[in-house]
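Here the chain labels run A, B and C in written order, and each chain numbers its own residues starting at 1.
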Amino acid sequence: MSGSPQRGANPLAMWLLAVRSDRRATVGAFVLLLFGLLACLGPWIASDPDALVGMPLQPPSLEHWLGTTGQGQDVFAQMVAGTRVSLVLGFSVGVVVVLVGALIGVAAGYFGGRVDAMLSLLFNIFLVIPGLPLAIIIAAYLPSGPLTLALVLIVTGWAWNARVIRAQTLAQRQRDFVSAAIVAGESHWRIITREILPTMTSLIVAQVIGSTVYAIGAQVGLEFLGLGDVSKVTWGTNLYWAQNDSALLTGAWWTFAPTGLCVALVGFGLTMLNSAFDEISNPRLQLERAWRAHLQACGHSPGRSTPVVIDRG
Amino acid sequence: MAEPLLSIRDLCVDYVTADGPVRALDRVSLDVMPGETLGIAGESGSGKSTLAQALIRVLPPPAVITGGSVVFDGLDVLALDEQGLRDLRWKRIAMVFQSSMDALNPVITVGEQLTDTLSAHGAGQQGRERAGELLELVGIPAERLTAFAHQLSGGMRQRVGIALALALEPSLVILDEPTTALDVIVERDILAEIRNLQRARGFAAVFITHDIGRMLQFSDRVAIFYAGRLVEVGPARTLADEPRHPYTRGLINAFPSVHGDMRKAASIPGSPPSLRTPPPGCRFHPRCPHAMEVCSQRQPELVQIGPRHAAACHLLISGESA
Amino acid sequence: MRYLLQRLGFYLIAGWAALTLNFFLPRLMPGDPATALFARFRGRLAPEAMAALRETFGLTEAPLLQQYFTYLSHVLRGDLGISVAYFPTPVSEVIATGMLWTVFLAGTAVVVSFAIGTLLGIVAAWRRGGWIDSWLPSTLVFLGAFPYFWLAMVALYLLGFTLGWFPLGHAYGDDLTPAFTLEFMADVFRHAALPVGTVVIATLGGWLLSMRNSMITVLGSDFVNLARAKGLAPARVVLRYAARNALLPSITGFGMALGFVLGGSLLTEIVFSYPGQGYLLVQAVRNQDYPLMQGIFLVITLAVLGSNWLVDVIYMWLDPRTRGGRS
């Protein structure tokens, strides 16, 4: 029983296994698939989100499934249109955030010494400076729009990934095959990209998922504050307008409820995927799960002491 | 001869994995007499530590005891409920863990770990005082009661572990590689300490180690484990002078007379089998210099070959002795 | 002690980094936002306000380095410039009115949430596979996936607007004047219930999961096994041995999550028109009141750094290993 052969082993297969074996992950994957389709097929499903289609603040009806906004636009159409923008931005920011984090984390862990001290100080500072206020003061000076949003989300989001990747790199660096590569005189770049990064594929995928959750949430928050381009339809600006039009105090729940539900469903789906994967790539949890299932199959309930299951037949 | 204090019969322990159970301990039978020291030796993965923790049923998941019986002083350990186990543990069977660095709670003082043991078993009245006495007993000044584990040296921590084990004057102490992490001089001191305490208090000990040299010096009787099975058991002197199982012989020949450990056992070619896919028949046969056809077909039973001396080998069954 | 000083040094550096960022940000921005802003405000702002903005954007004649030191000395004296939206009130004065409310709201929420979530995490790990372990984490993670401010909107709509159980906003009723009376305190808590409640619900899942996972790791350690072997009562094994150790990584996480939770709490304030920094922030954003925005950023950052140091003090108190040295 040596180590955990599972970590490096084909991550794609592991993910599929996680989705198949964990009910919550199955649900999560299904929800994500649904939103993916919604984002891709949006324009064919719903009408023009900007069009003024009726009286303002109409409750849901057959004609407007989710009612109308304070300006008289169709809420469903806005929700669908927002899905595309928010998902694309969230996912791309998630990827870039992890790239930046990985680059800095690997550099810190691999080169060590002064480089590590400087880079670690940098990401530790970014970890303690509260992200939202920082994002706001940067975004406020830049022209509002998706690029500004992406920029501030990256600036405020990379540090956590860098920290995790650095720790992982430190662990990998101790391993024989890396030492061997260093002794053999391979270039740093080659060692990092061929020897170290491949062992972290699963971790990086998990980080992209986590960062996407963060990016979607933070993006919606900033847009809600009015720091996005409020003339564009996204999940965040939908909520901004709902708040601006005093949706709450007029009782127009349909103007904010669907969008929030979308944010939560996507976030939940992604988080469930990650936690199922965590569980499946943790050999200890796996063993414990098998153990519990085995005991239950034998008609025993797991207790605190080593169980005795003797087949006296 | 007196009744055994501890009597293990056909004990089996499985580790449940996603691919099904793996047998870590296979039909092991052993006795421990009151006051004696039984040594258990084997390579890592041979099941010796599994046995130690199974005896008081603190083997963590995914372990399951799947067969046999453990009787301690007339008590059927495998039938006890949680309360019964709590009464058995420590008051009657105590244990010194392999590494006291990991076995001591890092965030509470050594003193508290001693006193909570005492009070858990209703001996908490003079707790503080008694805890101090226990530390002095293993050669640590009583004022170190306020120390945390990280403030003690490795040897001191191991002594604390021993003090803990003796807190309730148990009749059996299991020593699970108590000196592995220590240097030779500290190791000798601690073993001598245990020896003295044992003489004074008369508890029996199960001494688990991979250092067969130490064990032969330290134990009255010795049991050799290989890949989850007991292969030979007998008085230490007998085993040292005339080991009968080829594996024991390999171990003892490999052990230099002054001091040595299992690394030298590399003179037995090959490495121990995976418990997931053990070889059929005798588990040692792929490495055995005397393997016969029958060895790969049938598992040899333990046979009595002398006074209190038994081994499991087909060579002995067929009456041949190489 | 050395540990605390080390941490203090780090927070000083982080604070200095935040100050420097704050100073250079307006000066580095492309497209000269100042000129655009001046054009917008020309004629509407008093010359003193223009001068204040000018200084914020670094449009004074002095060399950059001198500006930097002037800025630092001003900040150290508590001078954060003049607010544009609330002209001519100094930024520090504007911020001071809301700071207490923000600290109260976010502080209560984060402490309550951490306490409940951690307790639930202990229970979930103790009863692995029980109903708390199988249902609560996913339910809470689902709730945690909602934006805080959205949960706030729903809570406000359902419990405040529709059912009328809670006030619809503000920190206390209009008919009351702040005083240390029972009546006023009760009113403050009534007003804080929904904002605090939504932040607690949104963050509970995170604490639960982190405590549960670190409990599971610790429960598998040798010293917990020894505690069991010693025959200690199960409750003692779980609390004094497992939870006491599992708390340490959770506390570290607590420090790091402070800033994040505070951000969410600021947005929640907006929904409830709660008179804290969040509310000021949105006013600042809408009025492009840059000095106020930057002042808020600075004050919040310093508050988070300070709280982090407090968390370090607690950590040191909980983990004797950080106290160092042999006794």
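The definition used in the following text is that contacts are C-beta pairs under 8 Å (C-beta built on N, C-alpha and C of every residue); 3 or more make two chains touch, one makes a residue touch a chain.
Fair warning: this is a prediction, and the values are worked out from it, not measured in the lab.
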Chain nearest the overall C-alpha centroid of the shown protein atoms: A
Comparison of A-B and B-C by number of C-beta pairs in contact, larger one: B-C
Centroid-based (C-alpha) most distant chain relative to subunit C: B
Subunit A and subunit C: spacing of chain centres that average the CA atoms, whole Å: 22
Inter-chain centre distance, subunit A versus subunit B - centres from mean C-alpha coordinates, in Å: 49
Mean-CA-position distance for subunit C and subunit B (Å): 53
Multi-partner residues of subunit A (each touching 2 or more other chains): 288, 292, 302, 304-305
Residues of subunit C touching at least two other chains: 220, 228, 234
Shared interface positions of subunit B, touching two or more other chains: 53, 58, 60, 82, 85
Residue ranges of subunit A in contact with subunit B within the complex: 1, 286-288, 290-292, 294-295, 302-311
Contacting residues of subunit B [partner subunit A, same complex]: 15-18, 21, 45, 53-54, 57-68, 78-79, 82, 85
Contact set on subunit B toward subunit C in their complex: 53, 56, 58, 60, 82, 85-91, 94-95, 97-99, 102-108, 116-117, 120-121, 146-148, 150-151, 164
In the complex, subunit A residues that touch subunit C: 24, 121, 124-125, 127-134, 136-138, 140-143, 213, 217, 220-221, 224-227, 239, 242-243, 247-249, 251, 253, 256-257, 259-260, 263-268, 271-272, 275, 284-285, 288, 292, 302, 304-305
Footprint of subunit A on subunit C - complex, ascending: 10-11, 13-14, 17-18, 21-22, 25-26, 29-31, 33, 128-129, 138, 141-143, 145-147, 149-151, 153-154, 156-157, 161-162, 168, 209, 216, 220, 228, 234, 255-256, 258-260, 262-264, 266-267, 270-271, 281-282, 285-286, 288, 290, 293-294, 296-297, 300-301, 304-305, 308
